[in-house]
Amino acid sequence: MTDELQTPAYALTHLNPEGGVRMVDVSVKGLTVRTAVASGRVIVPPEVLRAITENQVRKGDVLTVAQIAGIMGAKQTSLLIPLCHHVNLTAVDLELKPNEETNSIEIRAYTKATGPTGVEMEALTAVSIAALTIYDMCKSLSKEIVITDIQLLAKTGGASGDYRKTPSRAE
Amino acid sequence: MTDELQTPAYALTHLNPEGGVRMVDVSVKGLTVRTAVASGRVIVPPEVLRAITENQVRKGDVLTVAQIAGIMGAKQTSLLIPLCHHVNLTAVDLELKPNEETNSIEIRAYTKATGPTGVEMEALTAVSIAALTIYDMCKSLSKEIVITDIQLLAKTGGASGDYRKTPSRAE
Amino acid sequence: MTDELQTPAYALTHLNPEGGVRMVDVSVKGLTVRTAVASGRVIVPPEVLRAITENQVRKGDVLTVAQIAGIMGAKQTSLLIPLCHHVNLTAVDLELKPNEETNSIEIRAYTKATGPTGVEMEALTAVSIAALTIYDMCKSLSKEIVITDIQLLAKTGGASGDYRKTPSRAE
Amino acid sequence: MTDELQTPAYALTHLNPEGGVRMVDVSVKGLTVRTAVASGRVIVPPEVLRAITENQVRKGDVLTVAQIAGIMGAKQTSLLIPLCHHVNLTAVDLELKPNEETNSIEIRAYTKATGPTGVEMEALTAVSIAALTIYDMCKSLSKEIVITDIQLLAKTGGASGDYRKTPSRAE
Amino acid sequence: MTDELQTPAYALTHLNPEGGVRMVDVSVKGLTVRTAVASGRVIVPPEVLRAITENQVRKGDVLTVAQIAGIMGAKQTSLLIPLCHHVNLTAVDLELKPNEETNSIEIRAYTKATGPTGVEMEALTAVSIAALTIYDMCKSLSKEIVITDIQLLAKTGGASGDYRKTPSRAE
Amino acid sequence: MTDELQTPAYALTHLNPEGGVRMVDVSVKGLTVRTAVASGRVIVPPEVLRAITENQVRKGDVLTVAQIAGIMGAKQTSLLIPLCHHVNLTAVDLELKPNEETNSIEIRAYTKATGPTGVEMEALTAVSIAALTIYDMCKSLSKEIVITDIQLLAKTGGASGDYRKTPSRAE
């Protein structure tokens, strides 16, 4: 809260760590270009993977629907995550790759914006909504589907600097 | 994607034209003032037009409800159109004019913002939602209603420059 | 309003036709199966139509993105149209067909639900949002795009009975 | 509307005070840091206040749920209030204090952003949604609950300058 | 939770009063017709009241915009109030009356649905959003505006029976 | 599509498996009580787990915020997942348990409704949004957080019958 509002008549009094929940003040942070890459996987039985890659799922083309759902989900991040600041994304890109060795669909999301806060949550939300969409479209084929390994691979920008998950872990 | 993320461990590999759907990167575009004007028409039977202009529709004042719905719709554009970037609109204005010669309600929407992307979609969405609202309020009176001629009349700002539809077509 | 609330202490007094805007009471209507089919067209220059059918648009596969946007738009109808009742849709289907003779993308939407109100607005909204999505994805290629002829083709169910637009008008 | 669009082919003609509803143009306003503090109260019977402070309400911890609902509500302000501009909030903080002397829960909300418009509506919306949430969680205990005294306590930033409600009124 | 899921492998273990927050199970409640009437007031300075009644507010017709915002707000209740069940409203009606004696706009909202839960929150939310909209449209005229006395006037339907606020309190 | 609409003038012609994306027709399914239980885990470094359990995270009480976010997310499932039908949930319950042995927060969500479709997606969405919320609140403490093992534990109701994941897999 700005100094001029710190008199008892106007101030919030709980401005200490144990004062509950808040959307923390990011107004002093400068505007920088931020990017993030997140990944995740949806493990499916082999016959479901085949139905996806051969586009035989009754509801439609699983990978394309999931890709679009992920992009739209990224734009709703601040409405879904209670303490997440809204940011005007300048780019969102998703990649979904079937991997027959691991019986899974691998998802990567890339997000970008210029602002005071990072775009990690937007990338992670994109991955999560894309994964849920794959689940939804395949759930009539099998209930043995697992969404897993949703994590941040890399980020750039912001005061905390850049980050790369070490490749062994990122893989 | 920024250069520093272009190693295999982090990069999306589909960065070529056939790689699917994406919300394209607009972060290199400068912030300029953008405006757009879009128009459209709702063709109604003469007795419905009369009910509208005489404010005899049971659900309420058609033109005012449609005007407000259009403004609110403009603010939701990026949540409705999958690959549309969110922009903080600085102005939205709608005009709805009954035209007894053409048996239609003519709609115009004006939008404005300062940002890296244009506001054409916001103006077109405002017109569309206003038109749908007119339809909804009058559908108990007639099913012979048609929403038509939704188009961009003009835009200013941005790298692609200004645009005016030639009057013969705009009319 | 139910009779027992019609005393001055509790009643709304404007319960007459000129009392402003309202979401009309549909609770006395029975629950019946409702379906609706709506259509519309997006007129584009020949080179844009070719880019769409050959999947050469930079943002991605236009028809698939528009189809999904239309389905998701249908589910948001009551949040967009001020006086429209919410209905739990049991089916939504969209069809988008390029027509090289008319230089347009033809859109049809089919909606279904069991409820006290019809699903015409949901079908019309699906067509409108799909059309706006086509516009958004192609607007960097041309500004000479027009969304037109959005109308109801047919409906079934409800007290007002079934409806078919006469084929000449439905084209 | 910018001058270059003021010819009859493109202009909206109703640009005068009686022309209906509009989201007014704020693009000429400079970007300044804006803060606002709003307050309100929810009056409850003594036994309900006790259930709240002793965390005995069946639905869960009333004050925490209300605090989070208020923060999330603040982020949706421009989607709820028809003519309110969207602003990217940089901070939201809510305080809810049971007051046994007045048999009420006192709510204060603090909002902050950098933009062309103020954040008063975001603070007032946060208070309102928090108050409604308290009501919802306690309504099975009593119907004698009243939400009251929702008002602006202070604001800073913007062309109209700072504002403080006089303490006697702000209490 | 149904009995068959009460084994440790599947059950939630916190099913006791202190287990945190939940959206309580209403599935055993029968479907009955529910109505609710809520009210509230927005106190404004005399010159603001005059600007409203003479329709001289720059943003547009205050009472109509507020009425529509209230109706649309009612439909979003379950998205705003964390533990509130979604209900398909069959009717929403709002009344806004300027009262020159009390220098206020009096608001009443009426809601109706058939379902397992009541529609009180929808009526109270409609009043609140309408009040916030009045505030937003008049805030450039005065900051001495107060939203007050939001309460339930009456409800019908449901296991807890009907309710009428005693007229003295309902005023 | 009902038979009476199957003439060329009104029918969608793509009603075959390769016709693209659709929200499949569930109107012939009977209304039955549906429940689902889903689970997932958020793996965090030990010091983050300690910060969570000791409520030392600057943004506030992680588990409570995540619980509420999960409940609210469940109610938005059909707006996030493109082909998911909307269902009026009658109950949502979430449980979040820190587990120091596995250095993770274990999440379980329980959903219930009466309708033609299951509530698995609502339970999985609740888990996912709760997990993302934990990530958001702790991401300033560590980037080595992983959301994992999101899966269905059990469901009841519907034509496909009940389902229990075998305990070994459900762990």
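Lettered A, B, C, D, E and F in written order, each chain numbered from 1.
We adopt the following convention: a contact is a pair of C-beta atoms (placed from the backbone, for glycine too) under 8 Å apart; a residue touches a chain by one contact, two chains touch by 3 or more.
Which protein is which chain? UniProt says A, B, C, D, E, F = Cyclic pyranopterin monophosphate synthase.
For clarity, every value in this text was computed on a predicted model and none was experimentally measured.
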When every step has to jump to a touching chain, what is the lowest number of steps that links chain A to chain F?
1
Given chain A and chain E, the chains that contact each of them:
B, C, D, F
By label, the chains that touch chain C as well as chain F are A, E
Selected pair, greater C-beta contact count between D-F and B-D:
B-D
I'd like the Å distance between the centres of chain E and chain F, where a centre is the mean of that chain's Cα atoms.
28
Chain A and chain C: spacing of chain centres that average the CA atoms, whole Å
31
Chain D: positions in contact with at least two other chains
20-24, 61, 64-65, 68-69, 72, 76, 82-83, 88, 165
If we use the touch criterion from the header, which chain pairs count as touching?
A-B, A-C, A-D, A-F, B-C, B-D, B-E, C-E, C-F, D-E, D-F, E-F
Over in the complex, which chain E residues touch chain D? Could you list them?
17-18, 20-24, 40, 55-56, 58-61, 64-65, 68-69, 72-73, 76, 80-84, 120-121, 124-125, 128-129, 131-133, 135-137, 139-140, 143, 145-152, 155, 160, 163, 165, 169
What residues of chain E sit close enough to touch chain B in their complex?
61, 64-65, 68-69, 72
Could you please specify the touching residues of chain A with respect to chain B in the complex?
33, 35, 37, 63-64, 67-68, 71-72, 75-76, 88-95, 108, 110, 112-114, 153-154, 156, 162, 164-165, 167, 170-171
Sites on chain A touched by chain D in the complex:
1-2, 4-5, 9-15, 19-27, 78-79, 82-83, 85-88, 115-116
